[in-house]
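Two complexes follow with subunit A in common, the first pairing it with subunit B and the second with subunit C.
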Partner chain A sequence: MAEMVSNRPAGLFRGGNNPEKRKKRSEALTAYVFLLPYLFIFLTFTVFSIGYAFYLSFTRYNLLRPPEWWGLEGYRRVLCLESLLPRGEDAPPLACDDLFIKKALPNTVKYTLIVVPVQTVLSLILAFAMDQKLRFRRLFRTIYYLPSVTSSVVISLIFVWLFSPLGIVNQIFNLDINWLNDPRYAFYTIMILNVFTTSGTLMLIFLAGLQDIPTAIYEAASIDGANKFQVLRYITIPMLRPVVFFVVTVGLIGCFQVFDQIYVMTSGGPLDSTTTVAYLIYKWAFRDTTVKMGQAAALSFILALIILVFTLIQRRIIEGSGSVGSA
Partner chain B sequence: MKTLLKWFVPLMVLSLLLAACQPAATPTPEKVIETVTVEKEKEVIKTVEVEKPAERAVVRLSGWAASPEETALLQSLLLDFTVANPDIVVKYEPITGDYWQQLKTSIASGVEPDVFYMDIFQFPAFVRDEVLLPIDDLMANEGIKRDDFIPSLIDAFSADGVTYGIPKDFNTLGLFYNKDMFAQAGIAEPTNDWTWEDLQAAAEALSDPANNVFGLGVPADAGRFPIFVFQNGGDIMTEDYSDTLLDSPEAIEAATFYTDFRKNQIGAIPADVGEGWQGTVFGKGQFAMVYEGGWLIPYLKQQFPNINYGVVTPPAGPKGEGNLIFTVAYVISRNCKNPEAAMRVINYLTSVEAQTKVLESGFALPTRLSLQESEYLKTNPASNAIFRGALEGARPFVWGLVGSDVNDQMSKALERIYLENQPVDEALKQAAEAIRQKIAETQ
Partner chain C sequence: MATVTQPVSKKATFSDSLIAIVDRLKTPVFYAILIGWAILCIAPLYFTLVFSLKPVANVYDPPLFWPIPFSLENFRDVIGALPLFPRWLLNSTIISVVVTAFRVLFCAMAGYAFARMEFPLKKFLFTALLISMMIPGQVTLIPNFLVVGPGIIRGGLKIGDLTIPTGFGLMDNLGGVILPGIVAAFGIFMMTQFYKSIPKELEEAAMIDGLGRFGIFFRIVLPISTTQLLTLALLTFQGEWNSFMWPLTILRTPENFTLPIGLNWFRGEYYTLISKVLAGSLFNTLPILIIFFIFQRYFTQSIAGTGLKEG
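This part shows the complex of A and B:
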């Protein structure tokens, strides 16, 4: 998109007497007029905000006093790395906050590694099922999609009830687990919640992908004598690859940024077992009495970098493993 | 022109009416001035009261909106104030949602209200960063004396001999007990002279773990546990907040006593019975005793109207009384353009009449010493017990700049003891180390 924008002005002011070009010019002008409102919002609330956050990540800032330049100290404190980002000789010992390295990062990676595969496979299975000519298929589709259109805060509160010690889950399975208050289980409860809410949307995307596959290919396969499993293995799944890439990417980014369910259900507790990177950013920026805006901004950029790296890696994996790589 | 005017008059009236119906926060002063000039041009209404805001001192007042009833009460107080002080316009801008987040961002962008609520817990950072206006001279102008207020409260909002806020209300912890459960167990009800031993003995008699009934609520809550440290002669932080005392022998002993309730199954945390707050558990009759503040009184009245309960001051420990004070003050921003007007608003809102009204509505306890003899407190023993809590041996709920970290670490240490069976001394030492690290971070 950036290229398109930067290329257009050239055509805008050249060769004004050519009717063909004049038409193009007026078209471009119309396009700009239509773009303007969004562009304005985009520049103010995205480009400027990101730029300012980038500046803040190099400052010490607690909102009450103006930001003060701090260099890489914020990044150092987040990463607990003195050696990677050397400081002056006479600097005091590094006062780092190990919550990111010890809790938030491992938690977030664990969360992503569990939730992304589970929700992808589950939604794929659901999509296959919904693609068959079942009775009440529409009803099922609606039911599976319902959690996705419900507010995540509402679902989180419902889950708090379901998973309370005297809640329905413990009663049905005859368990005595304090799901949300036991550091061993709290994070898994939130994972279950997330799989439950996102699978519906992902199912819908898979379903669209499935129905996009031309029937001619299936027909050709059946003429060649392929059985059902072979059709699935050699036609359906390869044809779905671009959709899988999309679903996994969206899931990955969503998982790395998981926040609202944690904010509502556990506030990062018990014992930091559900503190994720996004929640830690919020905690540093707003919840602590010592507001650490600069440090939080630094962590935001580290998180963005992590997401970028993971997305590139999985793009490699998905594109590299097969012949169809059009994503 | 005439037809135009015909339309204009009702429109004007309508717009004024609309403006009057809206919450005070919505109309901005510029808008009011605009309408006035239009009226003058048309010469429809010559001089109206509305014209005055342009000259009157505007004081923007902000606080969290705890409940619609409380907001309504404050608004009615402000109305009384406006009638008595026509030269001051108070614009009340309540903040719903995350108060501190919004207040701090408004300070960052320089648009903070002139007068706002200040919780004692957040106070140190606001003083250090010079957000608050010293008010000693303004107080003298208005004739407000420090001695009029409960000393522990006004002292809490002072630093280095300078006063920064007038306490608006407060709460302490009281021991709430379920009278029916005491009668059922056949033991004597708590008195103000109770000690730790009495507490323990009663908890034992009242507990029935098999039926999820426990004697005492002992949550992993940094707003409850510290009173046991105080009662054992210890403290959470040193006097200047430069170090923590959480790993001192007094604190470890207190934590052992506190967590043993759950260990011996004569106490529990709310999560054990599937609740988030022990107030609810108390209302349901599953905890026979809980340490809570005055906020539990209206909650019980509303949610559990049939519960038969009493309140006493917290039982004394080996080293005497100890309690926590949760208090909020009105403070003035350094950027305030009319400090005198702001002080007059504060003076009215913390006056004997205003505080009597607040007290009688049951929302909060008054900060003026003279009100300790009020009729309301005499006829409401529960509120009275909470009020008395501030008079003897209570300390404000404030741990210096790293307050939230101290709270975090304290509750985490208790959680580790409860949920991971970490030895008490180890848990507190770990917490103290983490707090020291945080203190170093602020350097």
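This part shows the complex of A and C:
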């Protein structure tokens, strides 16, 4: 490109006489050609989409008629704070939808607060075990990754069958539980599935983190006379903190967006006991007999905000408990 | 050598004996953990295989652990008698292959531009790329559905006699599933990091030889990044093959379903034929398992890599 000879009359472009500038311009042009497919998709499906979703969140939109400006009414109906106030017997029906505040939000928070710690601790224990110089490590690693490779739908369908009333879980443990149709058990069954499918991947991340701790540090500690508990307490755990942060963040984001498993296994039921925020967005936008696109869009921004807040809080907690920052 | 003087106290001896106990128990305990979890990981797939090899009539009969009576009827039905299954398999294959091919090329191109070229708004665009990775998919789901399918304005934008469509009109069409996936921010980020890490000398030599940016990219840069491209291709293929929410939103008639959507729909329509669903599930799982076994190194490295980069 450097030797490119231009037949264009000088001065057509600003600085057209300056070969240095011309070279720069041609490079910029080439770069944008390389970026063209990305920019097209990014502008259409990310920039425009986010903007339009934001606009929709202030409208009432059922697909049949054009969106109608509604201001904050959509957000008010989603949050439905008046449903939390004590109400008399003869009070008029609520002019909002309390599914988010009464079911989806508590369910999602409960789901996250159970699944994230369980899968983090479990995958950390597995990573410690894998980090020992035991035999068949490669075989174990392969096996642990199996649930993550399987599609969420397939593994959910298999779990629906395993946990059906006549299913294998009830047969093996001699139980008589209707796991997915009983509001007491349905959500926990889905939690088991999630821990089961993600722990293998998280274990690999922890394992990479463990093996990344320089052996020189361990050697120095043993020369200084540190025993194994001290090594674990003062070296391994602090060195692993950034990885813990990463694993917890990935877990949080995944849990807040859980959808496939809910859709396949329970469709939010029984009695909305498994309705999560991500599922509720889909339900309002695509499943309900009268679709509520605007309200669903409003909820999607609330979800984005919740994820952001939780990520910041856990970052505070993990970074606050020690001085090791991101490596 | 300096000898280490251990402070002799009751506490030290206590913790020493504790360490001795832990040391002796460590190996068996760790083995027990590893084996126990391995059994749990294999069990669902194993039972799926066993019960898909049983005839429909005997699906709830014992024994649990062996396919007795043994029958291949479910697999035969899935491939032959139920014409929708091969159709779903084909649809899934088309979507996954096309998305993977485009995404690998486009992500490599964009990644190369970000890593090696200077252009206006570069920093801004790269920051926008990083931010876009943090936006939950639910936010863009509804507008993307409108853009791909029915359009932002029903019936198009009317300016005088002219009607401009405001959507791609790809509802219930495989193209609608493919389009938004042909580039991904994560893939670009991954390729950018990779291209930043490789030395520039090779490209500089090619430039002196008179090769343009496109020549350098296609003849030198792409061939030396095959490992990275393969990793991205594997992750993309796996993601598309297993993807659920987006195809569920776009595809409406059973003929156009992908395998995961089809399996779930089939389960709803014929819930007594669970062993057919299980056999079909194996068709969804097996290709990925085979790919995983062949290219295991790339999968595990990419996962470990994501953790390390962030950590």
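Operating definition for what follows: the second predicted complex is superposed on the first by the 276 of 327 C-alpha atoms of A that agree within 3 Å, B and C clash if a C-alpha of one lies under 4 Å from a C-alpha of the other, contacts with A are read in each partner's own complex, and residues count from 1 in each chain.
One rule holds in what follows: contacts are C-beta pairs under 8 Å (C-beta built on N, C-alpha and C of every residue); 3 or more make two chains touch, one makes a residue touch a chain.
Remember, it's a predicted structure, so these values are computed and weren't measured experimentally.
Student: So in the superposed three-chain picture, is A:62 touching just subunit B, just subunit C, both, or none of them (first/second/both/neither)?
Tutor: first
Student: For A:50 in the superposed arrangement: first (subunit B), second (subunit C), both or neither?
Tutor: Only subunit C; A:50 stays clear of subunit B.
Student: According to the stated criteria, A:286 is in contact with first (subunit B), second (subunit C), both, or neither; which is it?
Tutor: A:286: touches subunit B and subunit C.
Student: May I ask you to name which of subunit B and subunit C touches more residues of subunit A?
Tutor: After superposing on chain A, more of subunit A is contacted by C.
Student: Looking at the overlay, what does A:263 touch: subunit B (first), subunit C (second), both, or neither?
Tutor: Once the two structures are laid over each other on A, A:263 reaches subunit C alone.
Student: Looking at A:181 after the superposition, I want to know if it touches subunit B, subunit C, both of them or none. Which is it: first, second, both, neither?
Tutor: After superposition on chain A, A:181 lies in contact with subunit B alone.
Student: If we overlay the two complexes on their shared chain A, which of subunit B and subunit C does A:77 touch? Say first, second, both or neither.
Tutor: first
Student: Applying the document's definition of touch, where does A:223 land relative to subunit B and subunit C: first, second, both, or neither?
Tutor: second
Student: Quick one: is A:147 in contact with subunit B, with subunit C, with both, or with neither? Answer first, second, both or neither.
Tutor: The second partner, subunit C, only.
Student: Please identify the positions on subunit A that touch both subunit B and subunit C, taking each partner from its own complex.
Tutor: The overlap between the subunit B and subunit C interfaces on subunit A comprises residues 63, 166, 286.
Student: Help me check something: in the complex, which residues belonging to subunit B touch subunit A?
Tutor: These residues of subunit B touch subunit A: 98, 100-101, 104-105, 107-108, 121-122, 124-126, 129, 131, 269, 271-275, 401-405, 412, 415-416, 419-420, 437-438, 440-443.
Student: Which residues of subunit A touch subunit C once you look at their complex with the stated criterion?
Tutor: So the residues of subunit A touching subunit C come out as 1-3, 24, 27-28, 30-32, 34-35, 37-38, 41-42, 44-50, 52-53, 56, 63, 66, 125-126, 128-130, 132, 134, 136, 140-147, 149-155, 157-162, 166, 168, 171-172, 196, 199-201, 204-209, 212, 223-225, 227-229, 242-243, 245-247, 253, 256-257, 259-260, 263-264, 278, 281-282, 285-286, 293, 296-297, 300-301, 303-304, 307, 326-327.
Student: Okay, in this complex, where on subunit A does subunit B touch?
Tutor: It is residues 62-65, 77, 92-93, 95, 97, 164-167, 178, 180-183, 269-272, 286-291 of subunit A that touch subunit B.
Student: Quick check: in the complex, which residue numbers of subunit C touch subunit A?
Tutor: Within the complex, subunit C contacts subunit A at residues 4, 6, 15-16, 18-19, 22-23, 26-27, 30-31, 33-34, 37-38, 40-42, 44-45, 47-48, 51, 60, 64, 102, 106-107, 109-110, 112-113, 117-120, 122, 125, 128-129, 132, 135-147, 150, 152-154, 179-180, 182-183, 185, 188, 207, 210, 212-214, 217, 238, 241-242, 244-245, 248-249, 260-261, 263-264, 267, 274, 277-278, 281, 284-285, 288-289, 292-293, 296, 299-300, 303-308, 310-311.
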